[in-house]
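One chain, chain A, appears in both complexes that follow, with chain B as partner in the first and chain C in the second.
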Partner chain A sequence: MSFYLAIIGTKDNPLFEHEFGTSKQGGDGVARFREEQRHMNQFIVHSSLDIVEEVQWGTGSMYLKHIDRYTNHYISAFLTAGNIKFLLLSCPDTHSTSSSSARGASSASSARSSAYTSTAFNPTSPAIEEATKNFFLEVYDAWVKTIMNPFYQVNMPVRSPVFKGRVAGAAKKYL
Partner chain B sequence: MTQAPSKSNSQNLSQQHNARGTVAPNLRYPSNKKTIYDRNLNRSKNAELSRAAFAYLFVEMISYAQKRVKGIADLEARLNTQGYPLGLKLLDLLLSRTPTSSAQPPTTRPTKILPLLQFITTTLWRHLFNRPADALERSAENASEYMISDNEPLVNQYISVPKEMSQLNPMALVAGIVEGVCDGAGFTTRGVSAHWANGTSVPEASGTTGPGMWPGKTIILIRFAPEVLEREEILSRGSGT
Partner chain C sequence: MNSSQSSEGTFKAPLYPESEASIILPKRGASPSSSISSLPYRRSNQSLSTVFASTSNLTHSARSSGTSTPVGAPAPASTSSPGPLNGTAAPVVNTQGRLDDPRNVLLRSFAPHVGVLASTDTEEILHQKGFPGGFLEIIRPFGESVPGKVNIRNGVGASTSWDDFGIHFTGLKDTLGSPRPTSGRSSLDRRTDSGNGRLSGSTARSSLGLAPVGGDVAQIEEVVDRHLAFAELAGPSPDTDYMNHKEKEKGKEAEVVGPKPPDAASPFYSLYLKRLLSALPMTPHETFSHPVACVIAISSRNPHPIEELRRLYNSTNNGDDRLPQWVNNEFLRYYVLVHNEDDDDISKSTALYEQMKRHFGLHCHLLRVHSRHCVPTDDDSKRLPVSEWISAAEELAEIQKREEADDDSDSTPLLFESDCAGIRTFVRELVVQSIIPSMERMMAQWNETVATRRRGLGGRLMSLSKRWTPFGSSTSRNASSPVPGSSNSNYDSLQGFYRPDAPEAVMRKLADYAFMLRDYKLAGSTYELLRTDFEADKAWKYYAGANEMAAVSKLLNMQAMTTKLRQESIDRMLEGATHSYIHRCNSPFYALRSLAMNMELLKLRGFSAADDAAEWAGKILHYELVGAVGSALFRERISACYTSRQGVGGMAIGARVRKAAFYSVLAADGFLKLGKTVQAEKCIGEATKLYGSTSKEVLAFDGMRSFLDELRESIIGSRLMYPRYEDEDTHASDEEGEPVVEEVKEELDKRVHRHSLIGVSVPLDPLGVGPAPMSPVRTRDDNPLHEDDKFS
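Right after this comes the complex of A and B.
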């Protein structure tokens, strides 16, 4: 699994970006996005902003759960009280598993295994939802601390390496 | 002394290499090695500020705002601007501090006008002044106008407004905070302003508490934008009430 987190301001402007991989099931925490996929991630996340605006008044909860999907990219969202959007794109690794298994096994079985990994991921399963929620809550805690900074004004990009470290720590803990 | 900064510089450089594309600023840790991220958000929950310190600071804020203004409206607008960012920040802070039964912080946002105003008059007022606001009313003439009244505003306690500036109400600062909260939560306003209850600019709200009893009574008038009311109507229709 590879993840891409974007924090979007009130004017749909990006404030913070972070890429990481799963640390569960022996993952090394490194994102496995192909180079051309990186900017696609930004497009996909940006297009799901509309859906956030559609659902944001229907519920009083900050955690909006899984809201959008584009092929095998799944988007979960969290909306802070101040209308800042946290969007998490999760993408099961298909190319990396197929390339590693293609070395030993036949191409047919590798196709099956890659199909398996992409369908096995279910963003609405309770375990995934809970993990994502905990991750968002930890990022939110760090976020509130960021905006408590008297020199921080709304919609300013966050460049603090400590904040990045906090996000990476939460990612390692829960995803 | 000369070696320590260069060491931290080289650390920053390596961070710069790790964080591809982002510019790592020269991070300086406070002397106790604790950044704002290491502090608990509830640390100052019950802390109180000295009233004298507030009064002194507030006087400085007013005289700073007064320096380059043309009139009273301009001055009030400046005080409003000073309060606005406070509102944006307090919204998130106070919502994340709201106590819940579970150990996890609550994750709800106000999506309707009434819960938002209740949040302002109770939670926000308690945080700022240690007591809830005295009244919350909806204007009879205009459905988009809400009024929060405070009989004895703490902000105005040590301020005597000169005769020639009798229109000025320093609660404009608090009006700015309220505007920040409303705006931050997605309830656009067409302005939040503070008025004296016995002034002529605001129609008498209820008349039960005359200005004689509370000479400093102040009304904060919130005018929501039409699209907010429109959304409110759609939401209440959708939930079947």
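Right after this comes the complex of A and C.
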């Protein structure tokens, strides 16, 4: 199970990107995206903004839940009061379902994190929804504290290592 | 233009540029695309370009019979009134003029099939005339569009008239998918032989010796691949190119062609869809390719005409030409006397014709043709129109044949104007006076005797009691019991079909007839009934087929449908169809067909239905029903689905621009991997346009931007690999109007690169809240510091 968190500003610009793996079920917290998947993640998250912009009007809460899917990439979203979007892409295994050729390469990693196989993963299950929500809330908490920096302006990318550390901590705690 | 050299040499072993070609970059300043467009395109030999005419628009002038006359496309709906909002409205059909529109393709593909059976003497006359395919070859193209309007009465008696009604002539057993025991027509065998060299190993069935059956995805892929390769040779075509479409609009072609709607199907996709739907194999579970009628032809040369007719008639009943037992054999027989204008006496033929009428009733026709070989210098010579609904294998064979031919001349056989007129009259008479009335009659009869009874209260009780009866053997409930006859159901689970006189089979035939005659209401309701019956009998292939067609006819029915209703009915049917086709029957071709058809129809309904359409098309990719070519084409199509979903209001809520752009990029990637740079460039241009139109800043994600740049570079690089672009420096920069793609690219490059901190070990910052630019610690400083300082 690998995750990719993108915080996206009001002009579809990325403010913060972070990749991490699951820490539950014996995961070691390292993302297992292949190199060529990095830009795909960006494409997928970017395309999900369409859905965010539609869904955001239909709900009162900031946590928009699981909103989109691309093959086996699942996307959950959280919208801050300042129209900043947190998008979390979760990918059960790097590439386990369709491409059988790549299966051999990833067999080692899939054996380790076998609890999160693509078939077993259900993004709408209450446990996962709850974990994702808590994760988002904690990130939001850290985010607000970070951007209270007087030198920060809207849509500026955030490079603070402390914020990064907090996100990593939240990821470890909940995902 | 050294046309023959360029086509013969490169076509046999197309040198697809590999991806490492991206290393070679064009010189700065020399915009490669402008230089390419200034090159004179090299048309390959005339006969080849005729084959590819359906997808390339270089050859409009070469073809005399322009069936695909471009008609002004409908203006896109204005943004202030977005029309169907929830996908609930009836589909907007303003596509009457466009024959290649997916909906029209679909309508015309499910046409009644008419078997053709000709006596040897008839074939001889036509061989002499220069048609190796015999009688079938000469009438086949004319059946595809019946001249004039055709009136059809539907189930309730109201009549509708159609302009584009047609029938498909086939050899009686051609679509059966098994080798013919009697090779009545040598041409088919010859054609297949010539095609065998190219056919891939997966198409073993057709290489057995029978070409004209469709339903093979690998062959469809190959045909489309050939067309794409041809388009590649021809270079960026002047009409459809996105780069200069604005100039074109201003120019002289604006009033003729008009701007294409953004979600129009590409010609290659249309071709894919057409080949997917043409020459459907004859199977028990659907009756579309079962003959509706059979044309039995003899010629005036025959010494014993009436006996010959009887012999042919009998052979369709119990002789060599008898179709398998799951085909209802009670189709119409139509008798044709081919009169040889050049050798034989018309008065004798007329007398014979009168005699035929007395013996066989009204379904007779006297067709007068010349047996002389027609040459281009003849006054009224006309080229035989190209048959639109040939199977993929046939088209491959045809391409192969023309590539091997040395001469530049077009090898399409010619025939006299008077022959054409005669055949047209024959087809019209056959359709209007015989086929449609008899189909209507059969439908009315079946509807009365079988379907109404099943629909009524009694029928429902019957089917219920059949299913839940406590009496009888315990196997009676389980239709899949291996002992046929012991169960109550009519399904022969051992052999896997219903006998043609079983009520289920009759109802399926009724529904298919209704579908072919475009009475979608009756068809839909009948398919609905059949679904439950087939499910109870566990006749999975039948069940999948009924589901598929029920969904299609529901969508074709011009009725508004609420989102909820649509999701409940259509999604469930499609789910059932694809699941059964893929997992229970292992027939991915049909799954692909049903998904593709429903995707197109859903797309027409717009808004949320277009979302569903994209989702179903995604399933095509997910199940890997298509190969590399198909997946690129379907990605392009998904992009079109998303494009067609317009947003609401000033903020365009609910638009899917980014998704459309994403899929365009994916399609471009797919095309590039296949070496089809023209298509890839088109998709990239589409994506750039879409990304630009999000009104936000252009692509702030560095990974996306670099991927797009990479794609563009490898397009340019593989262009440079191509021998025909060698001397482009001489043409460079004399073209006015910088292409759009270059401008946008520069716009992208202007942006300051932002590097994320992923993977970079950053020393601890004691404050920890400051945005990084103020911190002096930068590990990846590719760009100088002052660039970042701008905004702090």
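One rule holds in what follows: the second predicted complex is superposed on the first by the 152 of 175 C-alpha atoms of A that agree within 3 Å, B and C clash if a C-alpha of one lies under 4 Å from a C-alpha of the other, contacts with A are read in each partner's own complex, and residues count from 1 in each chain.
In this section, contacts are C-beta pairs under 8 Å (C-beta built on N, C-alpha and C of every residue); 3 or more make two chains touch, one makes a residue touch a chain.
This one's a predicted model, so the numbers in the text were calculated from it and none came from an experiment.
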Now for A:Met62: first (chain B), second (chain C), both, or neither, which partner does it touch? first
Considering only the touch criterion stated at the top, classify A:Lys145 as touching first (chain B), second (chain C), both, or neither. both
Touched partner set for A:Asp50, first chain B, second chain C, both or neither: second
Where does A:Val162 make contact in the superposed view: on chain B (first), on chain C (second), on both, or on neither? both
When the two structures are overlaid on chain A, which partner does A:Asn13 contact: first (chain B), second (chain C), both, or neither? second
Per the contact definition in the header, classify A:Thr71: touching chain B only (first), chain C only (second), both, or neither. second
Based on the superposed arrangement, let me know which partner A:Gln42 touches: chain B (first), chain C (second), both, or neither? second
Considering only the touch criterion stated at the top, classify A:Ala127 as touching first (chain B), second (chain C), both, or neither. neither
Intersection of chain A residues contacting chain B with those contacting chain C? 57, 145-146, 148-149, 153, 159-164
Touching chain A in the complex, chain C uses residues 618, 622, 624, 651, 653-659, 661-662, 665, 694, 696-697, 699-701, 703-704, 706-707, 754, 756-758, 762-765, 768-775, 791-792
If you look only at chain A, which of its residues touch chain C in the complex? 9, 11-14, 16-19, 38-39, 41-44, 46-50, 53-54, 57, 71, 98, 145-146, 148-149, 151-153, 156-164
Would you pull the chain B residues touching chain A in the complex into a rising list? 15, 19, 22-25, 27, 35-37, 39, 41, 85, 88-89, 91-93, 95-96, 104-105, 107-111, 115, 184-186, 231, 235, 238
Inside the complex, what are the residues of chain A that reach chain B? 56-63, 79-83, 137, 140-149, 153-154, 159-164, 166
